[in-house]
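Order of writing sets the labels: A, B and C. Residues in every chain begin at 1.
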Amino acid sequence: MTTEPTSAHPAKPADPAAVEHGETQPAAKAPAIGAGETQPAAKAPAIGAGETQSAAKAPAIAAGGWSGSGAPIVTAGLTKRFRSGQVAVDAIDLEVPAGSIFGFLGPNGSGKTTTIRMLLGLIAPTSGSVELLGEPMPKAQLSVLPRVGALVEGPAFYPFWTGQANLLRFDAADRTADPRTRKARAGHALERVGLSNAAGKKVRNYSLGMRQRLAIAVALMQPRDLLVLDEPTNGLDPQGTREVRSLIRELANDGTTIFTSTHLLAEVEQLCTHAAVMSRGRLLRQSTMTELRSELRPRLVVRTPDLQQAERTLTGLGVTDVKRTDEFVDGDPGELPIDKLAAALVAADVRIHGFGIERPSLEDAFVALTGEGFDVAE
Amino acid sequence: MVPVTAVAVVAGVGALGPVVADASPDLPGITAQDLLAKVQTAKVDGLSGTVTSSTDLGLPAIPGLGADAAKFTDLLTGKHTARVAFAAPDKARISVIDQMAERTVTTDGKTAWVYDSSRREATKLALPAHPGKPEVAPEKQAYDPQAVAKQFLAAIDPSTKVEVSGTEKVAGRDAYKLRLIPKTDKTTVGSVTLAIDSKTWIPLEVTVMPRTGKDPAVQLGFSSVSFSTPDSSTFSFTPPKGVKVTEQKLPTARHIEPKGLPKPNATKPGAKPGMVKPGMGMADRDKPTVVGKAWESVLVLRGAKLPADVGPLGQLLAKARTVQGTWGSGKILTTKMVSALITDDGRVFVGLVTPDTLEAAAAKAPR
Amino acid sequence: MAAEVVERTPVARPSAGRHTVALFASELHLVFGRARTWVLLAVLAAVPILIGVAIKLSGSSGDAEGFLGQVAGNGFFLVVASLALSLPFFLPTAVTVISGESLAGEASLGTLRNLITAPAGRSRLLAAKMVALALFCLAATMTIWVSGLIVGIVLFPVGDVVLLSGTTVSLADGLFRALGIALLIATSLLGLAGIGLFVSSLTSTPLAAMAATFCAFIVFGILGAIPQIHVIHPWLLMYGWTSFADLLRDPPYWHEIGRNLLMQGAYLAVFYAAAWARLTSRDVNG
């Protein structure tokens, strides 16, 4: 339980995201993009702000293990160098706030899955540390992991067994799972992912999408504090993707922190409250979605045959960052009134074929950040 | 670290275990003569135990011999285990533990049985009444053990040094080691050591060391022993159903092997050097003779037909060194314990001696 | 500004209990719930049938020595002969398949990561694998025992049992000894199972693990057949395997049996420890 007063961090309101937090309702009810800041300001690890570390490390108050007072995932200098010498993950400092839906974004091969493997104790870091739910990994994995639902690098099952049998096996591996309720919990988990009808079918006969759902069902066998999902919508059809996303929102509403990796920008845009961007093993950026969006300034786009004239006029009016292409001129109008700009262009004998404000997509921002393209299918 | 520890523990148990068990016990000193005298008086009502023998005479493996010959050479090489039991005065049982089989010889004093489990054959031998008894027991008591020991030592003194060479644990019992060392260098035998139990004065082990090398040529002794008298049912034998039974009558009882105390030597096959070349086609009518004395004794066989230069034995001989002398010429075969000279005129000289000694014997021996 | 608190009770289940055996039960389900396992057991069950039918058709045991030669006279010996004949090849092959599959199979399916994040605990997972392997060894020998007994009773007269020492004991005594033999042979296979488990922890390809384990078995066999290195023979994996027959002596000769059990224990300890070291430090990438 968190009882930290926001007043403990008077410096915070300087952070726009934090301001917004202060005004947010107990987040769980607002999973919509941008408004879904589900934690008090004290825990918002605002991007790049050094002092957020101290906020995250505020002492837990409630007794009895992790109480939600610290960030569910904290890494410090986490590095993985493979035996080949390749540095898959390069000194990343992640901090995933409690209650967030945290999008872990990066192109394929950028080190997302390797990071997730280290988070879950599957592979040992070369250096750096991981703290999961306030406890060090992999040392405390036996006590921590029962509270973490995980889906790592695609679904993996015994193809010769039914979906239900697979669920039972992985649940049996968790010694804190009650065997008496096992079947009932499996049934419930299958129902939540829409696999009730296929429970008795051998996984060999499942489609990739069904396997993906089954993998999510494994994570749902128990109530969890944290879900770590590696590309949860991979292989799903649009309908399935929608279902899984709404399931994730539902789980977040119940208070579960969700850490989901994806190479799909759209997913982050639609689903996440926070995002971090990986590229070539480095963590380029982590922030709230709100903040990311606020940085995307609208651009004025003028389509005209008189490109040079338009450029000159706009620059003269105080539009910054003016760029000229073969078909249009664009720039950042800042606070300048749009109607005045249009009038000024007309006055300058610029023939206007098109005139408007365009909001750049997140993709543009991330491409700018990573220098790489994203798979934006969907 | 864990696997390293596991390996270390396993290796330690494997290597140190026997060392600890073999620590020399502390026993009061004793002279060779006293020890021999004690052996004379040794008397047990019964015993049972396991005897193991390991024989390494350095014989070459001769493939292609017949099954019977193989069975015989099998006893001359490698390791064997037998369970023995004895009850005074004339009950005995020896079971040779073979792999997934067993060869048993047992007698209750009246009847002896030989059973071979792999062939499922039993042989019954009816024994003459009380054959061995007057031979052993009364005679033993008629002598003064000390005097016998003294005579024995005097008799072998010219050829052999006898000493008590220490103590050791054999079959978990404290034992003295009585060592016999040939004084001649013409034999291949380095020493013969008897381990004699310090309580019952029964020999527990015999070890024959070659003159060269560190490994015993023959080692035969108890690996476990108990001196309580076995139940008489141990020595009875009922031929099982479905087993072929052959009955035999023995003309005399003198040569029945399992009679009396099954001393380790009783099963020691290597003690008869004349038989190390089975399948030689030796003629029965030519009686073997012995040339030389004590350790230098050489057994002479006549009428041996040299096998043709085919077959494994022929190949072996073809590779053998050819020697010549006033006595003629022949082939010499040597192993670390046994040497054999096969002359072109069909004589065979065999002994636990050096090849030179064989040649000398050939020169002296009558044709 | 009022403290904005996410009212939320952590889902920790500290008193949910420790259901440690569930994984072991699940592991048995995995081994014995697979068609492959049953095919292996069926092949083993066929050994007594083949031997029995062959002897029955030929009308007699011929001049066969040892246990095989006694089958026609007493069906009981079909149990012992089948166990003895399965020991050099069929049983090790079956153990090789199951043990090679154990960890490498999980790694190749990717289920190893699910188990570790469950979390099964790597040490406990290894223990569960080994227990399941040991029980498979027992199931394998017991399959031959039962099949041999049934076929023996159906095809041949069955009666009192002649031991190697020439003593005759009741059929019940004989069957009890044969049960002991099945148990001993199962135990004899543990060393090989340990090797297989270790090899299986090294790779994510079950077939490679099986092949490597079987190679190790063959190498032991070859080493055991070279007389020049007889000094190491007593330390080879299969040296004491035939000691099971010592149960059919009167009285049983325990020395070699005990030695073999110690040897198997030593092989198992070394390779289990190696597998443990490997699994607990392994990067699970599969």
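Keep in mind that, in the parts below, a residue touches a chain if its C-beta (ideal position, glycine included) is under 8 Å from a C-beta of that chain, and two chains touch if they have at least 3 such contacts.
Everything numeric in this text was worked out from a predicted model, so none of it was measured.
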Third chains touching both chain C and chain A: none
Chain with minimal offset from the mean of all protein Cα atoms: C
For chain A paired with chain C, centre-to-centre distance based on mean C-alpha positions, whole Å: 49
Whole-Å gap separating chain B and chain C, where each centre is the average of the chain's CA atoms: 41
Between chain B and chain A, distance of the C-alpha-averaged centres to the nearest whole Å: 85
List of chain B residues in touch with chain C within their complex: 1-3, 5-7, 9-10, 13-14, 50, 61, 78, 81, 83, 95, 97, 99-102, 104, 113, 115, 117-120, 122, 223-224, 237-243
Contact footprint of chain A on chain C as seen in their complex: 1, 3-14, 16-20, 22-23, 25-26, 29-30, 33-35, 109-111, 113-121, 124-125, 281, 283-285
List of chain A residues in touch with chain C within their complex: 1-7, 21-22, 24, 26-28, 38-41, 64-68, 98-99, 117, 120-124, 133, 141-142, 145-148, 150, 152-161, 165, 168-179, 218, 222-225, 255
Contacting residues of chain C [partner chain B, same complex]: 65-67, 69-70, 73-74, 84, 159-160, 162, 164-168, 227, 230, 235, 242, 245-246, 249, 253, 255-256, 266, 269-270, 272-274, 276-277
